[in-house]
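Following this message is one structure expressed as structure tokens.
Letters A, B, C and D mark the chains in the order given here, with residues in each chain numbered from 1 onward.
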Amino acid sequence: MSERDPNGPVRVTVWGENVHEQREEEVRALYPDGMHATIAQGLAARLGERVRVRTATLQEPEHGLTQSLLDDTDVLTWWGHTAHEQVDDAVVDRVHDAVLGGMGLIALHSAHYAKVFRRLLGTACSLRWRNDGERELVWTVDPAHPIAEGVPQPIVIDAHEMYGEHFDIPAPDELVFVSSFAGGEVFRGGCCFRRGAGRIFYFSPGDQDYPIYRHPDVQRVIANGVRWAARPGPRRADAGSPESPRGWFERARA
Amino acid sequence: MSERDPNGPVRVTVWGENVHEQREEEVRALYPDGMHATIAQGLAARLGERVRVRTATLQEPEHGLTQSLLDDTDVLTWWGHTAHEQVDDAVVDRVHDAVLGGMGLIALHSAHYAKVFRRLLGTACSLRWRNDGERELVWTVDPAHPIAEGVPQPIVIDAHEMYGEHFDIPAPDELVFVSSFAGGEVFRGGCCFRRGAGRIFYFSPGDQDYPIYRHPDVQRVIANGVRWAARPGPRRADAGSPESPRGWFERARA
Amino acid sequence: MSERDPNGPVRVTVWGENVHEQREEEVRALYPDGMHATIAQGLAARLGERVRVRTATLQEPEHGLTQSLLDDTDVLTWWGHTAHEQVDDAVVDRVHDAVLGGMGLIALHSAHYAKVFRRLLGTACSLRWRNDGERELVWTVDPAHPIAEGVPQPIVIDAHEMYGEHFDIPAPDELVFVSSFAGGEVFRGGCCFRRGAGRIFYFSPGDQDYPIYRHPDVQRVIANGVRWAARPGPRRADAGSPESPRGWFERARA
Amino acid sequence: MSERDPNGPVRVTVWGENVHEQREEEVRALYPDGMHATIAQGLAARLGERVRVRTATLQEPEHGLTQSLLDDTDVLTWWGHTAHEQVDDAVVDRVHDAVLGGMGLIALHSAHYAKVFRRLLGTACSLRWRNDGERELVWTVDPAHPIAEGVPQPIVIDAHEMYGEHFDIPAPDELVFVSSFAGGEVFRGGCCFRRGAGRIFYFSPGDQDYPIYRHPDVQRVIANGVRWAARPGPRRADAGSPESPRGWFERARA
């Protein structure tokens, strides 16, 4: 696999399920080229030459996530909702391995139920929800975290779907954002996890029925997340569990 | 110091600053015998014979927190607000040592600024606030935690002071509750910390201007917190940093 | 499912792969009735009436892990090594669900590679190893943890297999023990994880070639682990992600 | 205070107690210009233009740690041992505030007992020790951590003082290294803590009696630690706890 040039751009692949946009006129009106295109444009707008962005969708062969693409990807963003079950298990295995090997993963909104997210976390990842177009406030609880850099306190999203606790995830390694909703619920909507050599950032905005991915603060968070999740250096393949004769490390030094 | 009988009651000391109750008629009307008395009664009502509750206040000699009392205390609850600076540093040292040695500490509401709480955590412990009597919802984000046992989702407090993020604490070892307020703010109001051999639970309800400590769910949380923070076995004195000759543990076994 | 009587014994099921004991005379000499029998006897000896212990093995129908057995189990201990792949995926699903619902899991030694352990943690769970019969010292790094209660510092195991870092697990929610080996390696051999409503304790002793499960300190740790992992109250089924109309919690109170 | 230029060098101040070097011929032989000079040279050698290094010592006015120096420092490294009590409390306050405001702190070896380290962590920070010149192996337990980048597994230090568990610190936010010693002890010698806006890295090598700070791998770790602890952006002063009228964040947007 090709190693990332530490002075070069972060190689991002924006993956989109791309089903709502095909089927529902209202979603197509918001995202004429698909949500993935808008997410990709937001990254390019925020990060410029620091990033090189491609897109891939469910409908492509191997969902666009070939081994060679993953080998050339530093950070993968994932949006899925209605077609989680259509994602091929072989592709899930491949993405899982890539994350453990060091590829960053940005799981967006309804990706809480994506196969690969659940496999990485090991829990049910269930939550409460309500699609009433109510105000969401995204509060930073860790202002020194790199993902919170340049983000207002709070981010105001005028209308969005509610996601509420209990969110059945392992305790995050770092909790960055907690949302409140007009109806009173709260949600740990900005969570970092470290698994293997990979970094995972879950961010709960945005639903397909709202133009969330055009919101400048949401774009800022995702851009920060990409930078945080990108790791320098070569991807690490699982070495298995090697038998290690006494003094192996002495011999390795010699 | 006297060791706790594992089959006996948890020995709780409820400490109250007891200043608002003396000076302000409205607070006295809510808590005629002081907030500490109401907190103590709530514990007795919830835990019965599983607990033995005493109270101590700022106005007593050594603030009531003599070494012998601390030696006979498994869990100390702390409420203070307007007189943090009047707490003698020698008493703070003593309480700090007791917590590191294994005494539980339940820090309530404005105790986020208590000297001993800040010394244990090491950070500024600042937050946002507004006393508008607005609705607080206390959401459980860790329903399997013993402190959440029997607690409704959410706890509804009809009128309370707002405490909001950013709350400048170290990342809690366990995050149990997150509150939202009618004005939209969120607050990590139920946090567990482990320091030395001691367990610390911070719980943000309740302000002196509201009858929060008569709220059955708040009483339940504090009672659960006391049970969680109570440790069996002898208190541990800091042994310093002993020089340990090679093989000391072999000799200890012999 | 039957709820645990909080005053009754912890219902423990000791699961054993039971293959080495059948095939290898040396192992059978150490564990004539199987490792599971010895582990079960150790628990009964340490915990007496506080526990009710059963065993189950790979060779039984459904590996002995029927739904009704799991429904009647508060804590499951798991030892497997050479036959991980023979464990039926349907049984793995069932155990996974039970843990997320609140059943405790004690994963022993080579269970780091058990299907259910890897599914709960999401990582490769690989490590280094060497079977040289060298001295292992198990050091407590969290002496206030309930699993360390009554455990000497360090536990001395005169001869054991080496397990060494890097151990590819998520950062444990609580790290209790770290081992060193005569050859110089270290290993995070006592780790707690919380997943869903369940508590998981991984403990790296003991290999089938050594009488580790007769070691009184190892028995003490496993007994402590069982008590720590046992949760009171009903098992929680995953409720999925319920749509929650605005004010649902108000109506629930009414 | 002057904000760090994100494209400019990390401004490092290496603080040395500088007492052993003055009093003990053996230490002076190892570190003729003081340990601080060697640490500074190691950083310059490893990081080149990415860093701008100065030194300060206990003997200077205000221990060299004036407010203006701290305002011009992104990361402070701290080595102290025999003169912790001679560090003026006003300077400790100042360094404590700077760390909470975002200055990185690298606490080295016996700085586990430095006043500012204990104040930041809140615990006793005690440990076991033995100065027998025995082999220490520093094992990476989090190979994806930036502080472990380019570090061999394990680092071999042929002769060093033993530091052993129990190390009485809060659970680290990130555990990177665990050492073993020839005598069998283990030690969590590479620990990250986040406090306020500041990042703290404790690294247990090296004692004044050994040329540890000339060891290339130790230099690498400290250089990595400096890069990890350096935060971009302005230092944050504690804003206290502001009263925040309802809708304050709406007005801030307008």
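In this section, contacts are C-beta pairs under 8 Å (C-beta built on N, C-alpha and C of every residue); 3 or more make two chains touch, one makes a residue touch a chain.
Note that the coordinates shown come from a computational prediction; the quantities given were computed from them, not determined experimentally.
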| item | value |
| --- | --- |
| Intersection of the contact lists for chain B and chain C | A, D |
| Farthest chain relative to chain C (centres taken as mean CA coordinates) | D |
| Gap in Å, rounded to a whole number, between the CA centres of chain D and chain A | 33 |
| Euclidean distance of C-alpha centroids - chain A vs chain B, Å | 38 |
| Touching two or more other chains - residue numbers and ranges from chain C | 137, 143, 153-154, 164, 171, 184-185, 194, 196, 249 |
| Overall pattern in which the protein chains touch one another (line/ring/star/complete/other) | complete |
| Residue ranges of chain A touching chain C (in the complex, touch as defined) | 100, 113, 119-124, 126-130, 132, 134, 162, 164, 168, 170-171, 173, 183-185, 193-196, 238-247, 249 |
| Residues of chain B touching chain A in the complex | 135, 137, 139-143, 153-154, 164-167, 171, 174-175, 178-182, 184-186, 188 |
| Residue ranges of chain C touching chain B (in the complex, touch as defined) | 102, 137, 143-144, 149, 152-154, 156, 194, 196-199, 231-233, 236, 249-250, 252-253 |
